[in-house]
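Two complexes are shown next, each including subunit A; its partner changes from subunit B in the first to subunit C in the second.
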Partner chain A sequence: MGRTWSSMNEFEAFLNEGGMVEVDDDMPDEYRATVFRFIELHANSELMGGLTERDWIPMTPGLRHKMTVLAKTQDEIGHGHLLYMVAADLGIKTRREMIEDLFAGRSRFHNVFHYPVRTWGDQVAICLLVDGAAVPSQKAVYKDCSYGPYKRILKRIIAEEGFHLRLGEERVLRISQGTDAQRAMFQQSINDWWWPALRLFGPDSKPDDKLARWRLKSEKNEVMRAGWVQKFVPMLHSYGFTIPDPGLTHDPETDTWTCGPIDWEPLKRTMAMDGPDTARRIAEASTAWETTQWVRNALDAAPAGVIA
Partner chain B sequence: MNTTTVDNTLLRRALAAVTTVDDPEIPGVSIVDLGLLETITATEDGRLTIGLIPTFSGCPALATIGADVKAALEVLPEVEKVTVEWLKSPIWTIERVTAKARRTMATDLTLAIKVDSGPTLCPRCGSPTVEKSEFGPSRCRAIHRCGSCFEVIEVMRDR
Partner chain C sequence: MTPGTIEFLLAFADDEHLMGQQHTEWIGIAPFLEEDMAFASIAQDELSHAALLYSIVADSGEGGEPDDQVINRLAFDRSAAEYRSAQIVEVACTEWAHALVRHWLYDTAEDLRWSLVKQSELESLRDAAAHAAREERFHIRHADGLIDVLLRTPDSAKRLADAVGELLPLATGLFDPASGEAEAIEAGVASAPFDTLLPEWADRVQTRFPDIDIGSISAPAFTGRMYRHDDFAVLITRINSVRGIDPTAVW
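On to the complex of A and B.
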């Protein structure tokens, strides 16, 4: 069965040599708790993201876009499902406890899901800027991830999020060819979503980051953030949109874009469950959870073997 | 359309080009190995028609796959025009997935294939799996758990 380590030093030496931890290993409690929190946050964020996508199914313009929103909804809920199973396997909380904690406002989800999605322009901005931040973040976790079950699921999730990003690029291309009103709507969405998406990477990584030490993250937040700025500033400029950052600078020698000072207060507020749309989102999700209680009751009451 | 007189090197080159197109959500697995390609026809003046079939009719990746196929073919110098058609028949089944694709999916993506002849086997350890959810992140995939190594896996299926 699983492996054991006599001390944290021995365990860290195992990680340093590239060792992979599996579900039945007797991993140190602190590592177990850290991996659990990390995957729970990811699962919660997939679920909250999926609920936003679901809200947009009836409002999405055109059949082709609607199909992509349907698919994104299924992707996000499916990812949440897989991640909750992997998180629950760590034996800290059951899947139901995680979902109940989320819908009671007791556990966190990523900052970008604490904001209202008001227009189709917002959906385009999210599909580009938020998925454009999620993909490198997830790749940085996947690249050298020490927890096997998470790494294997991340590989598939990254492939699917990469597809979302491609849809985002298509949507931007289309909306940028739209009417003046459509372009103005999208410019407003860039103004509203630029900073929340940028803050998704978090503040600069600390040198003693245990996520890096335990190989749960292989790239520094500031490096990923800089790459994101460098990718999206020229792209949005090329479509004739502006970036809502008065401190944005361009080095013509190296053709490098650098963002101005970052206000971290909004991130702190979302982490304290006090974002602009946090209360409404939690309330809506918890109402949905309560009104579907009968389904869970029926599943619980079914004889063993009837439902897998 | 007359396909019999066309120099079949064009058809061979077209097939090779379509084979370079991967499923947008399954990197490393060609749409040809997934069994999506049904027909390639060509005229003497270089007009190609590619007949594809979807795994599920509501698949949102169809437009992306179609665009990728066109892009892969339009770079061939002898190709004048490419038309991609999504065919209503035959219906895609899991038998269309080649052994090569099954191997890549199992080893690179821990993705299994559901077969009628017996239980679905875990791509990691080969033990039978149990279905936990009929639907995973897409309509062509269910979520299973391995009864032996406990891996959470996705299983591609055709219905």
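On to the complex of A and C.
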């Protein structure tokens, strides 16, 4: 057993002084549950992100290109794998329970993975806009994260997500220099994915945000969202694409782009597991999981030591 | 490079390409996360071998590595009749037992196949063989580890046995020589016909699956890899669905 704290006040004082919590510490139940939910959501989202991308991997237009895309999705599922283990160590649910809750629609995942991927352009848009939102979000958690095992895993995840984002940038550059058909396809993907990706940051942070107080987040949602808009509006404009935001404004003095009013209703629907592709995505994952149950049964039945 | 040697190399490349392609279908829906990642890794290795082999075919002899577009034309833009893949890599395996058994049967044959070109007169093929041999050890170890466990339980052992029964005749077709093989051997590109290793492969299969009498399973006659499996048309359409949107596009 690691450290103990006699009260929440004492625990929060420890956090305020920059303390790092480890898995064997006797942390307050509320902190344990909050950290667990946060990491479970992250793990679920990495896995559902992989499932979102997987459908298009066999159709990747190029042999070496396919290897790269495959490696990216392998990373995403690998992140889910690492995060599930970190979450399971908190002793609230096992990895299998978390996956089964996810595939039964009992636990959440990020809004962007409730949408259908209709074209190859969508696949590329995810790689640019969604990974482009994931990187600053994860950096904001990593920067001052109070839970040691999560912080250490995030270091690796962020490094890999950085590669994914660069892959997205390269692919968009090629498409931007491509044929009319390619450019039209990608413009439609921007139209479809701009708002879901922007909403990934969530509504403005509340002043009494527990996640901030417990150092699970070190940046406000609105600040990260504004940074994302500032990064991608000029980039996509420079490639000749338009942004589907009639309220988008530009301050020439500061060269700052600001998005228009945000409709949060679609986010609420995905939070309620009622997004445009939620039911199909969950049903497919659940069916695949059930059809391979025999493998897990056989592994469970194997005596200790048989599985190297 | 003679036309026969090119055909010999294309047969190998096509097998690696389509085997890697088939493995890509399993990422995200394998029985557990480690398997999602393992199939993704193995798929990357097989696709990488295919890219190496296609690049050897495409090599103009003027130095420098062929670019992706040249490799892609060989991998994707030939007619069905021009492919020289074996039917075991063309058939759709929608059950995981079949995917695992195919993975073992294929990699066990592939390990033997690379041994025939490890002293090739073609330096690039020798290098590819050395590279691939290191990876194949891990592929086979991966499949063996799972099969070891799955053969211990009656239900899973039966699923594997059924898969072996269905897939073994098609897998034997891996040893079906493309018409250029004799020319490739004559040129020192390969050391012997691949089917000289068929008995050794059959021994390995029998040792791996001792409860199956592989002698009782009849394999189709060799045809020089001239005929595609019924599943090939769907497979190649799926592979080319994005490329087909705009043949002039670079992605």
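By our rule, the second predicted complex is superposed on the first by the 306 of 308 C-alpha atoms of A that agree within 3 Å, B and C clash if a C-alpha of one lies under 4 Å from a C-alpha of the other, contacts with A are read in each partner's own complex, and residues count from 1 in each chain.
Heads up, the rule we're going with is that a contact is a pair of C-beta atoms (placed from the backbone, for glycine too) under 8 Å apart; a residue touches a chain by one contact, two chains touch by 3 or more.
Predicted model only: the values in this text are computed from it and were never measured.
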Exercise. Counting only touches as set out at the top, which of subunit B and subunit C does A:62 meet: first, second, both, neither?
Worked result: second
For this session: Using the superposition on chain A described above, determine whether A:23 touches subunit B (first), subunit C (second), both, or neither.
Result: first
For this session: Identify the partner contact of A:156: answer first if only subunit B is touched, second if only subunit C is, both if each is, neither if none is.
Result: first
Problem set entry | Touching partner for A:54 - first (subunit B), second (subunit C), both, neither | second
For this session: Check the residue A:166 against both partner chains and state whether it touches subunit B (first), subunit C (second), both, or neither.
Result: first
Exercise. Which holds for A:86: it touches subunit B only (first), subunit C only (second), both, or neither?
Worked result: first
Exercise. Is A:179 contacted by the first partner subunit B, the second partner subunit C, both or neither?
Worked result: second
For this session: Determine, under the contact definition given at the top, whether A:15 touches first (subunit B), second (subunit C), both, or neither.
Result: neither
Exercise. Looking at the overlay, does A:78 come into contact with subunit B only (first), subunit C only (second), both, or neither?
Worked result: both
Exercise. Across the two complexes, what residues of subunit A are contacted by subunit B and by subunit C?
Worked result: 64, 67, 70-71, 74, 77-78, 81, 308
Exercise. What part of subunit B is in contact with subunit A in the complex they form?
Worked result: 24-27, 58-61, 63-64, 108-111, 130-133, 135-139, 141, 143, 145, 150-152, 154
Exercise. What does subunit A use to touch subunit B in their complex?
Worked result: 23-24, 64, 67-68, 70-71, 74-79, 81-82, 85-86, 89, 149, 152-153, 155-157, 159-160, 162-163, 166-167, 308
Seminar exercise, completed: Per the touch rule above, subunit C residues touching subunit A in the complex are 17, 21, 24-25, 27-34, 36-37, 40-41, 43-44, 47-48, 50-51, 54, 68, 71-72, 75-76, 95-96, 145, 148-150, 152-153, 155-156, 159, 238-239, 241-243, 245-246, 248-251
Exercise. Touching subunit C in the complex: which residues of subunit A?
Worked result: 47, 50-51, 54, 56-67, 70-71, 73-74, 77-78, 80-81, 84, 120, 171, 174-175, 178-179, 181-182, 185, 285, 288, 291-299, 301-302, 306-308
